[in-house]
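Each of the next two complexes has chain A plus one other chain: chain B in the first, chain C in the second.
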Partner chain A sequence: MRKFIVMFLLVFLGIFLYFNLSYLPAEKMISNNVSQHYINSGVKETGSFNLVTAILFDYRAFDSLGESTIIFAAVSGIVLILSRKTLPVSSHGLTFIVKRTLGLLTPFIFLFSIYLMTHGHLSPGGGFQGGVILATISIIFCIVYGSEFDQKKFSPQTKTKLETGGALLFILMGILGVIFENGFLDNLNLFNGEPGSLISAGNIPVINLGIGLKVGAGLAIIFYSMIQKTFGEETDH
Partner chain B sequence: MIIIEYLLMFFLILTAFMAVFFTEELISIIFLSILSMVLTALYLINQAPDVALAEVVIGTGLNTAIFMSAISQVREGEDCHCKEDD
Partner chain C sequence: MIYNIVFVILFILGLYTVLVKKSMIKMVIGLNIMESAIFFWVISLSNTGNLIPILQTYMEEKAVNDPVPQALILTGIVIGASTTAFLLTLIIELKKLGGSINLDHIKGLSE
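For the complex of A and B:
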């Protein structure tokens, strides 16, 4: 009976939301002025071929700063709740075959994440995606080699420094925009090359690198502080 | 191409129902990861490679790992009620 009521409510909510969405004007609101301006003169104004990155880190860079602040708040809260045990406790890791295979694969994963971060203004990808792949490397270390290995390679202090450094790089770029250009997070004209080359698009690659370091280190801290206690209790048995 | 899109949408709804209706948490997590793979293919068909990269990295990689560690912590707590260090 209760399941029936819940299902009825969900179907009712779905129909209601569909009618609400169908009242939106189809083409008028969306393709008004702004998106056409971005498509026409985005490459000329920012020098970045990837228009998504141009919008994220040039036109709407302040929103990206807010997003990275949200990630910082999430990392702080999770570490505050979960990190009661500060000792590095380890699992034994997986078998020899998995260790060797991932030992061969991990450098290429690292290379791919660096590629995504530095080529964010040319090809799909950007700082956020590259940063999450960096965090995946830390997760591989934790699961496959044991969390003691991860603690030896990148200690939590190093991760904290990387995260703070990424955020400070972002804010430094913003303040340089105040000094050299018109306003906070304005695009710099310091190293502007030909659009399409690696060193171009003003400060967008630098911001990408900062965001990548920040996101990667933050998510790695989250996973490390979650897995610490689990493996400690497993080895106690 | 439109047939592939409809097929992928069908699989999307199917995996979402599977993830909700299984009571075993591990199977739900695996179905969530399959759901984000299907969603990645849909994003790629609709020409949004940036969103597709973010979806495949977060939905398939990070979400699965974090949910797995959370589930293992919950199971540890269910097994032993006695031990409460510090």
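For the complex of A and C:
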């Protein structure tokens, strides 16, 4: 009975939502001045062909710094809640076929994540996407080879160092902008090659690399904390 | 037009899941569906039928889609992933303390 009342109300809400949305001027979004400026002179001002990356890491780089702080806060909270003194119990991993196949594939996954991070100003991708793919390597180690293997290869201390290192690289780029250019996180003129080549667009590739390391290590830490608890509970029964 | 219809359907489905289902995991799934609906809708606003905002060369006529909503939604996706991970962590702790993730069977919550 309660289900039907909720369903009835939600159908009414959906109809009202649809008629309100259809009054919005969707086509006029493009004609505002900020977007037009980014499209017209984005490449000239930043050297990045990917305009989304140009907005994220040059015009609005300070917002991206806050965004990476949010990831840091989430990782801190999760580790604080799920922290446990005992070492994780290793699973045995999957079969021989899976282990050999992923042993061949893992270097290419790593290469793909590095490609996405360093080509963020030229093609779709960037630090966040590359970092998520980087985190899958740690997850593959944990599931396929057992969590003991993962702990041996990337210890939690290494992951913490990578995460703080990425964040510090970002902030260092900001402070270099204060010293050499006009303000915090202003684009540097150090690596300004021809736009469209790999070494161009100032400090955008460096910031992408830092963000990628930070996101990858952060997601790996989240997965590590969760899997630790799960394996521990299985042995209790 | 079609984007608005799909957005409303997805959003209502997510809200229904959050309101009706008893399992906490299903509530998180419903929140994620609502989130994805909003992301989809804002991205659809930037679509004017032109090229993607990733240029190949210096183009003379810059007929590309609006890059600002896409940058905003990239931020939103990252924050959504963070909050989802945190919610799942809280559910793990709730399972340990209350004995269940079903709202009817959590110890100390009913009666």
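Basically, the second predicted complex is superposed on the first by the 227 of 237 C-alpha atoms of A that agree within 3 Å, B and C clash if a C-alpha of one lies under 4 Å from a C-alpha of the other, contacts with A are read in each partner's own complex, and residues count from 1 in each chain.
Everything that follows uses one rule, which is that a residue touches a chain if its C-beta (ideal position, glycine included) is under 8 Å from a C-beta of that chain, and two chains touch if they have at least 3 such contacts.
A quick note: this is a predicted structure, and the numbers were derived from the prediction, not measured.
Q: Give one of first, second, both or neither to describe whether A:M226 is in contact with chain B, with chain C, with both, or with none.
A: So A:M226 meets both chain B and chain C here.
Q: If we overlay the two complexes on their shared chain A, which of chain B and chain C does A:N189 touch? Say first, second, both or neither.
A: Neither partner.
Q: Counting residues of chain A in contact, which comes out ahead: chain B or chain C?
A: C
Q: Scan A:T69 for contacts with chain B and chain C and give back first, second, both or neither.
A: It touches nothing on chain B or chain C.
Q: Output check: A:L116 vs chain B and chain C. Expected answer is one of first, second, both, neither. What do you get?
A: first
Q: Which partner does A:T101 reach: the first (chain B), the second (chain C), both, or neither?
A: Neither chain B nor chain C is touched by A:T101.
Q: Regarding the shared-chain residue A:I143, is it in contact with chain B (first), chain C (second), both, or neither?
A: In the superposed model, A:I143 contacts chain B only, not chain C.
Q: In the overlaid three-chain picture, which partner chain does A:S155 touch, first (chain B) or second (chain C), both, or neither?
A: Touch status of A:S155: no partner.
Q: So, does A:V52 touch the first partner chain B, the second partner chain C, both, or neither?
A: both
Q: For A:A135, is the partner it touches chain B (first), chain C (second), both, or none of the two (neither)?
A: In the superposition, A:A135 contacts chain B only.
Q: Where on chain A do the contacts with chain B and the contacts with chain C coincide?
A: Comparing the two interfaces on chain A, one with chain B and one with chain C, the shared residues are 50, 52, 124, 126, 128, 222, 226, 229, 233.
Q: Which part of chain C faces chain A closely enough to touch in the complex?
A: Listed in rising order, the residues are 1, 4-5, 7-9, 11-12, 15-16, 19-20, 41, 44-46, 48, 52-58, 62, 64-71, 74-75, 77-79, 82-83, 85-86, 88-90, 92-93, 96.
Q: Across the complex, what residues on chain A touch chain C?
A: It comes out as residues 2-3, 6-7, 10-11, 13-14, 17-18, 21-22, 26-27, 29-30, 34-35, 38-40, 42-43, 49-52, 54-56, 60, 63-64, 67, 70-71, 73-74, 77-78, 81-82, 123-124, 126, 128, 195-196, 215, 222, 225-226, 229, 233.
Q: Which stretch or stretches of chain A touch chain B in the complex?
A: 50, 52-53, 84-85, 116, 124-126, 128-129, 132-133, 135-136, 139, 143, 219, 222-223, 226-227, 229-230, 233-234, 236
Q: Show me the residue ranges of chain B that touch chain A in the complex, using the header's touch definition.
A: 49-50, 52-54, 57-58, 61-62, 65-66, 69-70, 72-73, 76, 80, 83, 86
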